[in-house]
Amino acid sequence: MSKEIKKIGVFTSGGDSPGMNAAVRSVVRTCAFHNIECVGIYQGYEGIMNGDFEVLGARSVKGIINKGGTILKSARSKEFRTKEGRKKAHDQLVKAGIDALVAIGGDGTFTGAMIFNEEFGFPVMGIPGTIDNDIFGTTHTLGFDTALNTVVEAIDKIRDTASSHNRLFFIEVMGRDVGHIALNVGIAGGAEEILIPEEDLGLDRLVESLNKSRTSGKSSSIVIVAEGDKIGKNIFELKDFVDENMEGYDVRVSVLGHMQRGGSPSCFDRVLASRMGVKAVESLMEGKTNYMVGLKNNKMELTPLNQAIKGKSKINLELLRVSDIMST
Amino acid sequence: MSKEIKKIGVFTSGGDSPGMNAAVRSVVRTCAFHNIECVGIYQGYEGIMNGDFEVLGARSVKGIINKGGTILKSARSKEFRTKEGRKKAHDQLVKAGIDALVAIGGDGTFTGAMIFNEEFGFPVMGIPGTIDNDIFGTTHTLGFDTALNTVVEAIDKIRDTASSHNRLFFIEVMGRDVGHIALNVGIAGGAEEILIPEEDLGLDRLVESLNKSRTSGKSSSIVIVAEGDKIGKNIFELKDFVDENMEGYDVRVSVLGHMQRGGSPSCFDRVLASRMGVKAVESLMEGKTNYMVGLKNNKMELTPLNQAIKGKSKINLELLRVSDIMST
Amino acid sequence: MSKEIKKIGVFTSGGDSPGMNAAVRSVVRTCAFHNIECVGIYQGYEGIMNGDFEVLGARSVKGIINKGGTILKSARSKEFRTKEGRKKAHDQLVKAGIDALVAIGGDGTFTGAMIFNEEFGFPVMGIPGTIDNDIFGTTHTLGFDTALNTVVEAIDKIRDTASSHNRLFFIEVMGRDVGHIALNVGIAGGAEEILIPEEDLGLDRLVESLNKSRTSGKSSSIVIVAEGDKIGKNIFELKDFVDENMEGYDVRVSVLGHMQRGGSPSCFDRVLASRMGVKAVESLMEGKTNYMVGLKNNKMELTPLNQAIKGKSKINLELLRVSDIMST
Amino acid sequence: MSKEIKKIGVFTSGGDSPGMNAAVRSVVRTCAFHNIECVGIYQGYEGIMNGDFEVLGARSVKGIINKGGTILKSARSKEFRTKEGRKKAHDQLVKAGIDALVAIGGDGTFTGAMIFNEEFGFPVMGIPGTIDNDIFGTTHTLGFDTALNTVVEAIDKIRDTASSHNRLFFIEVMGRDVGHIALNVGIAGGAEEILIPEEDLGLDRLVESLNKSRTSGKSSSIVIVAEGDKIGKNIFELKDFVDENMEGYDVRVSVLGHMQRGGSPSCFDRVLASRMGVKAVESLMEGKTNYMVGLKNNKMELTPLNQAIKGKSKINLELLRVSDIMST
């Protein structure tokens, strides 16, 4: 039988994403609702090892639901990857009387949590916070929806100038080694072509597609390039390739960069974060451990951390087809 | 065996919602992709009866994916509710050689389409376009996600001034006789209380809740009121009630109104619209009729129109509970 | 000769406006730059009387430049209008060793500061913070530019739905008894008519204008109504009047309300706030008192508080004419 | 005595900027108001030479006031730089009965217009449309204010992630060889340092400034780099320099790129565009030629084109000082 949970620690780790603060708020308030003490841990795993803790009450998280970034800060930790580091972390948690951890982050964060759980039997629960949507066991990671809107707004702006000048734009978007962001913003931004890691379009097909687009009467074009795309050229080389091999194009490149990670979370991400925080705390209270909370069929479901990490979230093939039809 | 579809008419009807243009674009481009002729019909059912048609090619719908409202306009029609009106409409469609209709709108629109299909055996396919999310057979109607973000941004602004002045705000949001918008924006906007038609909280509980909120140290409060709420008082009467029955409150009212219907659609709504347009056209091509396309478990699914209309989409009870916990 | 200023108190008062936080930040950092101690005063004049003070260093105001509302809160005070109240306030300031005050607010705030200065010879400097732009001595009050953008974005959304349905919208905007907001957003929002307190258009001219607009081929129309307009009817009565006296209009009303006061300040307002804070502190250091800092010909200039209050900022008649021409 | 103006041509040229459409609309409607025929010219000077003309009435420019880019398209023309090209252009204008031109663009556009005017005595009037604000004779060029807000919103997002990770960000913004955008967004975005072409800070001062910022307790920093900055290193080299010469920094680079040129114009830019269009048309009607309309002391004023081009708009030194104080 599992020990009663009286004190929960919460932290954010890895790349930040919009909705992390809303998730922290939810964990804190759910604890308050159930009369569990809640401790905020700063700087991720570094903070656990250093005992960088602060007790958080319901009012401590006032006014953060709409803030991007994470008030608990995030950091990558080399030391926690060592057994000594994790021992130090465990000592700090025991010393502070913390019974369980809620870890908000991506697969690196979850890997750390899983190992920590296996080594010390310490209860952990994961909340998937990353804009990349590259976690198995949830249709949406926290921040994905917000990042999509941020990128689409940027594409809309670039299209204004693209169509005024009859230009071709290559726009690089985030997503690590999956194409979720690229595929969705490509459709929503009316892109003529979308280059994603899951599909090797090849340069010939790209040239063919651009020529078709030009022939069909389009005077300006946008091509979305996922940062993890495997076409064999980076986005500036792509521009050079088109400059050299195709005539009549005025090609420009835009790398959207880190602004994609920030901003006030969308309604969807705020609600998702609130639901995930409740589910995470209550699952720990029920004695569950080593799981990630996720959204499946509009319900909160648990997935074992090892599955969440290994099983990669797959591209929706229907979207690829929709994209092709839309660029008719 | 169903007749081959060579020409499809598309129209928008009822209250407009963000994403309608993206859906029209998708229907037009999917037709172009399959070499089907596409006809845009202006002013909804009025336009069918008046033969207000325009052939739309792939380039005709350029640059509309990010525009709110509907380029095909919308209107309510009394005449179409009569048998004579519908006969007139059928004559126009036959005359123009239109084989099938894609109707974008809400339950009023679908009721018209269903009756028309039953009377004339004319192939129809519905796309749910309304911000209210009050249609059965889809987890999201077109425009719902955008409206949620629009409302949440407004609430964020109101909260700035509410917390600067320690005020209590009653904010009325749309949603007809369901509380989907209110419930989601209430959670995302950090509301202390949410009044929805599905739950009769009662004035006493409201007063109790506000007092609890004040006692717990909150200096400003926001209460979201769904326009269809059945607490027995409109939002201005609510203000008067609190003014008279509770001390120390500086109460203000904000009715967000029609701005909730407009604006550039979110990434989610643009992708959803694109998927729905493809599914609608291809379903008609497969001989399907009298259905609505919808999103279920992240897939496109068909629901018979009569079920879409009768079965009301239900409030997610988990969200109600999350809302209660978050206002701790 | 004026006494050296070693400690400055800063407060916000009256209706809040976007940019107040940026101004507080600027006052605090300018003090830090000049090695002057800075004290934040909560709740405006109430806070002075109650000694609700907090020492603010350069790092205390981190991360607030982009926040709406005011971290120092605002309140209206009846007690400060009495001689006893002001005596109490003076005692608190003396006790805390505060040598001068920077008052951020509108004419009510400035009236209080001026009387206080006259009675006690206490150095005061005003920063005009109000969305209404109704202060003499500055072309722009803090928050005016942000409010204009907020309102225009709302009008853009309403126009989406107005033009989809061929509707006439009356939209009420803030501005107290001046028409600055209405006039600017009317032009920027493409309104067919603008009703402002400075010009009594009369109902007949309104009807004539709407008819002309209809005749010229406009299918939807937007009329902006300043809250202080003196046409003799409130906005709902205007709707009723048109419903009764004009045919073929589907009229709707939207009262934008308090969301106009909130939101992250525009670049313009943040820069203006930063400039004003520097000027306010350095003017006090130079021994100036009883002035308001303002923007004139793109330069920071001082205006005596009594002139700022009495002289009302006038409507730019050129804009009225531009509005008429644009609605051709 | 100047000939009566009966037909005006309007075109956009050079880099596009938000507000160009609003200016086109204003020119068209002012012509309609005065019963002057208006002709839209596509693709700038290319379009004049090719006779790419379209008559525009008041309703033709409906719904464009809030659109970024330019419906008249823009292009750079080599041919127009030749005497033959300009002769061809003049022939087309005479053939079409066009009496005068309104040219919307930057200094390249104005140079062309001025030469054309000198060679053929053809009446021209300039409207300054560029985000860079690098034109003499107006405190604001069209699009400058919108671009400032676009950039500041991006900086706000980047700061979310910067402060979550304690990072140093170099952010490159547009502005050609002047620092107006950089200086304003640097202040508004709370940057620790701003590198502009007008001031050679030097690498040593930059290092010193960053160290001071770190010492004063700032854990994250943002440095704004104007694209025309003359520090002798591009933004990626700056990053490498800091990586190599300073310890403890996690440095990132973001080049905001072309999204800065797009987007719906701010209220300020829409009003400015409307005023400029009226002034441009009415000045031509009064027989004025070879001028640019501009905003000076909140009034519309004319500046001879040759002065507008030669005299560069100067950096406001007060802003540089404000920036220094704010980064205390």
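As written, the chain order gives the labels A, B, C and D, with residue 1 at the start of each chain.
Here is the rule we use: contacts are C-beta pairs under 8 Å (C-beta built on N, C-alpha and C of every residue); 3 or more make two chains touch, one makes a residue touch a chain.
Just so we're on the same page, UniProt names per chain: A, B, C, D = ATP-dependent 6-phosphofructokinase.
Bear in mind that the values here come from a model prediction, so they are computed numbers and not experimental data.
The interface of A-B is repeated, with over half of its contact pairs matching by residue number, by C-D among B-C, A-D or C-D. Rounded to whole angstrom, the centroid-to-centroid distance between chain B and chain D, based on C-alpha atoms, equals 39 Å. Distance from the chain A centre to the chain D centre is 36 Å, each centre being the mean of its Cα atoms. Distance between chain centres (mean CA atoms), chain C to chain D: 28 Å. Chain B has residues 156, 163 in contact with two or more other chains. If you draw each protein chain as a dot and join the dots that touch, you get one closed loop, with every dot joined to exactly two others. Within the complex, the chain B residues that touch chain C are 12, 15-16, 18, 20, 67-70, 73-75, 150, 154, 156-166, 169, 252-263. Those residues of chain B that touch chain A in the complex are listed here as 25-26, 29-30, 32-33, 58-59, 62-63, 65-66, 139, 145, 148-149, 151-152, 156, 163, 184-185, 187-190, 216-218, 264, 266-268, 270-271, 274-275, 278, 297-300, 316, 318-319, 321-322, 325-326, 328.
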